[in-house]
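Mind looking over this structure? Questions follow.
Labels run A, B and C following the written order; every chain starts at residue 1.
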Amino acid sequence: MSSRDLILGRVRRALADVPKDDTPPVPERPGRDPQYEQAVDRTYLREHGDRTTEQTVDLLAENLADYRAIVHRTDNGGLPGVIARLLAERGSRTVLVPSGLPPEWLAEAADATRVPDSAASTPHELDEIDSVVTGCAVAIAETGTIVLDGGPDQGRRRITLVPDHHICVVRVPGQVVSSVPQALDRLDPARPLTWISGPSATSDIELDRVEGVHGPRTLEVVLVAGD
Amino acid sequence: MTGTFVGMPAFPKAAHDAVRNKTLRGNLRHATHTIRDKRARAVTELEDWARLREAGKQIKDHTLHHLDRYLVQLEDAVTAAGGTVHWAADADEANRIVTYLVKATGETEVVKVKSMATQEIGLNEALEAEGIHAYETDLAELIVQLGKDRPSHILVPAIHRNRGEIRDIFKREMGEWGRPAPDGLTDTPAELAEAARLHLREKFLRAKVGISGANFMVAETGTLVVVESEGNGRMCLTLPETLISVVGIEKIVPTWRDLEVFLQTLPRSSTAERMNPYTSMWTGTTDEDGPQTFHLVLIDNGRTDTLADEVGRQALRCIRCSACLNVCPVYERAGGHAYGSVYPGPIGAILSPQLRGTESEIDASLPYASSLCGACYEVCPVAIDIPEVLVHLRERVVEGGPVTRQGAKVVLKPAKGHAAERAAMRAARWAFSHPGALRTGQRLASRTRRLHPRSLPGPGQAWSASREMPAVPAEPFRDWWQRTRGGKDAK
Amino acid sequence: MRVALFLTCVNDTLYPDTGRAVVDLLTRLGVEVDFPMAQTCCGQAHYNTGYRHEAEPLARHFSDVFRDYDAIVTPSGSCGAMVRELYPRMGERARAEGRGDGLATALAPVVPKTYELTEFLVDVLKVTDVGAYYPHKVTYHPTCHGLRGLGLGDRPRRLLQAVKGLELVELPGAEECCGFGGTFALKNADVSAAMGADKVRNAESTGADVLCAADNSCLMHIGGTMGRLRTAMRPVHIAEILASTEEEPLA
């Protein structure tokens, strides 16, 4: 007998006391399974608090900053200038660019050499690059989280990991949701997802939080008004 | 579980030394109290916490009750997304599978994301025996690995170490494993984290094989989820060419939507944050992004035996947040090592004796490693009634009875070493069933009270070594009641 | 209303003063209280040590003794929790073992009628000021089974705050277990003693003369620790404080 069959057999025997339900399962969509819908009381909140769109964006900024992300706010016209300034202040000579990043975002960043996100780059090569600029898929106000889904303006997962400086652009209010449940609604599980809440951190020494371990130690989030 | 824990003494013996270790007591007190208060604040922020907790419990219970169906569904979804699913009935089989998969890549080193499941099966030791070096990359795991130590906490395996001890370990050991610690390393947490960053970076950048566990597996989509803080998880999950995830079969949730519950309750319960810095979710493989080969090894290793116990199976709801450790007054004083398992604290005290059985000295003692104060149950984000399971397992130890081991039903004999206690319990039951006998005993105690010693011999020393004996009154209440007709006559 | 005092075996044998205090207090509040002489033990120690089957006859006996009363009042959070929380569970377990509904049916009548003393005062008698006088500085330790099992909440504190002359001071780490835990105190004596010592140090730090709780088992452990650490504080059961009046102050 294969271990698969062995384990499944053990599971079935272990559940001998559990009353069998007669509702046929809906294998392709268990989320729509009436029996499962009944099993879980989902009266928890879809979002916490009652806020205007503007207040939700403010909360995002506040919570990002609370976990030591550096937050900047601008509009479409100001974005290229902000990005150029952040790269210059950091002294970045090289910047990783996802293939679908709107070219105008980097229009004023004259000093930094653009390195395209490429499957051929080795991790060591990525380690030599100073900064990365990306968009995002969605941002969550209540938790101060940005989520990347590998879209054209975000690139491969590793480009926002190896360089030590990540500039992430969030279009507000369009890309902002209040809560975790709302964010999951917007995301596609088939895509590789990275949820980022502040720069990398650890609580491993005496359970005190220290920011800056393996991921980018500096996370700058630019909230761009006007979709 | 891992060889390192075999032959551990019973909990009280191990705790005896820990209680007297002032440094350890100080380290644990500081760390657990810090996180305890933070967790309370993080939880208070969510007005619907109780409902999230109940939903989390229901999702997990439903999944466990239909685990066969969801395992098959998960397997189909992962396979359809480009992954390969393996099944391991026990630790040995899981280790053999992983070793084979690593060898097939031709590599002799792997980088690892912190994973309870791989610790449980002793994967690092198994790989080492086959000439494969496994590098732990979580900061606390690194501290434990470099210090040739054992983990003592689920979330923060090096919680028993303070900053000074960590600096000493880094200075002494890092050079042996790769890049040495920087000169003049101090004990500030920021500098220690920086030293770990530099030390591990070369390993991440050259790694071809990553090994992880997972916090959740979504049956409907085949998505795996790893929740972490440092970015070492992202490194291991995205830079290598091959990813092997070793996950307990109970980590399934049925639907994508279910994550909305656990991604709210887990971070707040474990690191007391609104959200942990990084969460990675992947579904099979993605062209030109991350590992192009993905293996999922599903492990049983005692889980189906635990599932077979109607009362005990709730332990499988655990999402490994460690909130119960952080509030536990026994854990705070005894430390994690006394539990003799990779799962310490209250959850360990109900998980280890179920996954491993209650035959060994340590496992038979774990159900008693609790004052049943209930603080663990109160904070558990999936409402595991840990005291209930502890008492249930005490019953298994003293009474024996039917259990499932390795899928087979067996009848346990009562454990040795409880004969005197059993006799005393029976005698007490007899006396309490005969009020006259109880009364005779009470009167005897009252009449001889001047003769009672201030400290007790034999087993009674356990009390009187640290506590005075209560004075026996001149008459028991029932005599006073009868004598005075319930106080109506003169007092 | 027919009210029975379920004193508990520990109080009956070792702490009769607590029993007298409950009788005095309830009598003063106009409640006629009976002490059924056949009462013994609720079975908690058996149950919690793993001897559920030995506890079953004790639970049946408890129900036989108390089932005809309208209310069963006990000055013990843990014994109260045994009846309210664990008797129903014992019934369920017997059913799951294929022994039918007999035990559940036998125990069901006493479950909703059992009250811990402070619950009975606040919820049933609807009093918080019981007319007590106790001119001391007191700190209150909420015992675990009262706090988390029965959910006594702020009832004991409200009662204490209404006591004339009593100064109530907050106990640091109040909700942490004192380390008694029944047989835990013997089986894991080192950890139990360490928890007790920490509790006593916290209590001492308040400057109170008295540590008050609603359970004498925990007070036996805390008091025993105080004695060994030569602390000047005294452990006192809340019933004795509430029974104390200007006319008849607690000795």
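For the reader, a short list of remarks on this structure follows.
What we mean here is this: a contact is a pair of C-beta atoms (placed from the backbone, for glycine too) under 8 Å apart; a residue touches a chain by one contact, two chains touch by 3 or more.
All values derive from a computational prediction rather than experimental measurement.
Looking at subunit A and subunit B, not one chain touches each of them. Ranked by distance of CA centroids from subunit A, the top chain is C. Centrality by C-alpha centroid: the chain sitting nearest the overall protein C-alpha mean is B. In this assembly, the C-alpha centroid of subunit A lies 29 Å from the C-alpha centroid of subunit B. One inter-chain figure worth recording: subunit A and subunit C are separated by 51 Å, centre to centre, where each centre is the mean of the chain's CA atoms.
Once the centre of each chain is set as its mean CA position, subunit B and subunit C turn out to be 32 Å apart.
For subunit B, residues that reach two or more other chains under the stated contact definition are 310. Residue numbers of subunit A whose C-beta contacts span two or more other chains: 17.
With touch defined as above, residues shared between interfaces to two or more other chains in subunit C number as follows: 96. Subunit A meets subunit B in the complex at residues 2-4, 6-15, 17-18, 25, 27, 29-31, 33, 36, 39-45, 48, 63, 67, 119, 123-124, 127, 140, 142-145, 150, 156-158, 161-162, 180-181, 184, 189-210, 212-216. Looking at the complex, you find that subunit B touches subunit C at residues 11-12, 15-16, 19-20, 25, 310-311, 329-330, 333-334, 367-375, 377-378, 388, 391, 393-399, 421-422, 425-426, 428-429, 431-433, 435, 438, 442, 445, 459, 462-463, 465-470, 472-473, 475-478, 480-482, 486-487, 491. Chain contact summary for the complex, subunit B toward subunit A: residues 27, 30-32, 34-35, 45-48, 51-52, 54-55, 58-59, 61-62, 65-73, 75, 81, 87-89, 93, 137-140, 143, 155-156, 158-159, 162-163, 166, 189-190, 192-194, 196-197, 200-201, 204-206, 218-221, 223, 229-232, 234-235, 237-239, 249, 254-261, 263-264, 271, 273-283, 286, 288-290, 298, 300, 304-305, 307-308, 310, 313, 404, 407. By the touch criterion given at the top, residues 7, 9, 11-17, 19-20, 23-24, 27, 33-35, 37-41, 43, 45-55, 57-58, 61, 89, 93, 96, 144-145, 148-149, 175-177, 179-197, 220-221, 223-225, 227-228 of subunit C touch subunit B in their complex.
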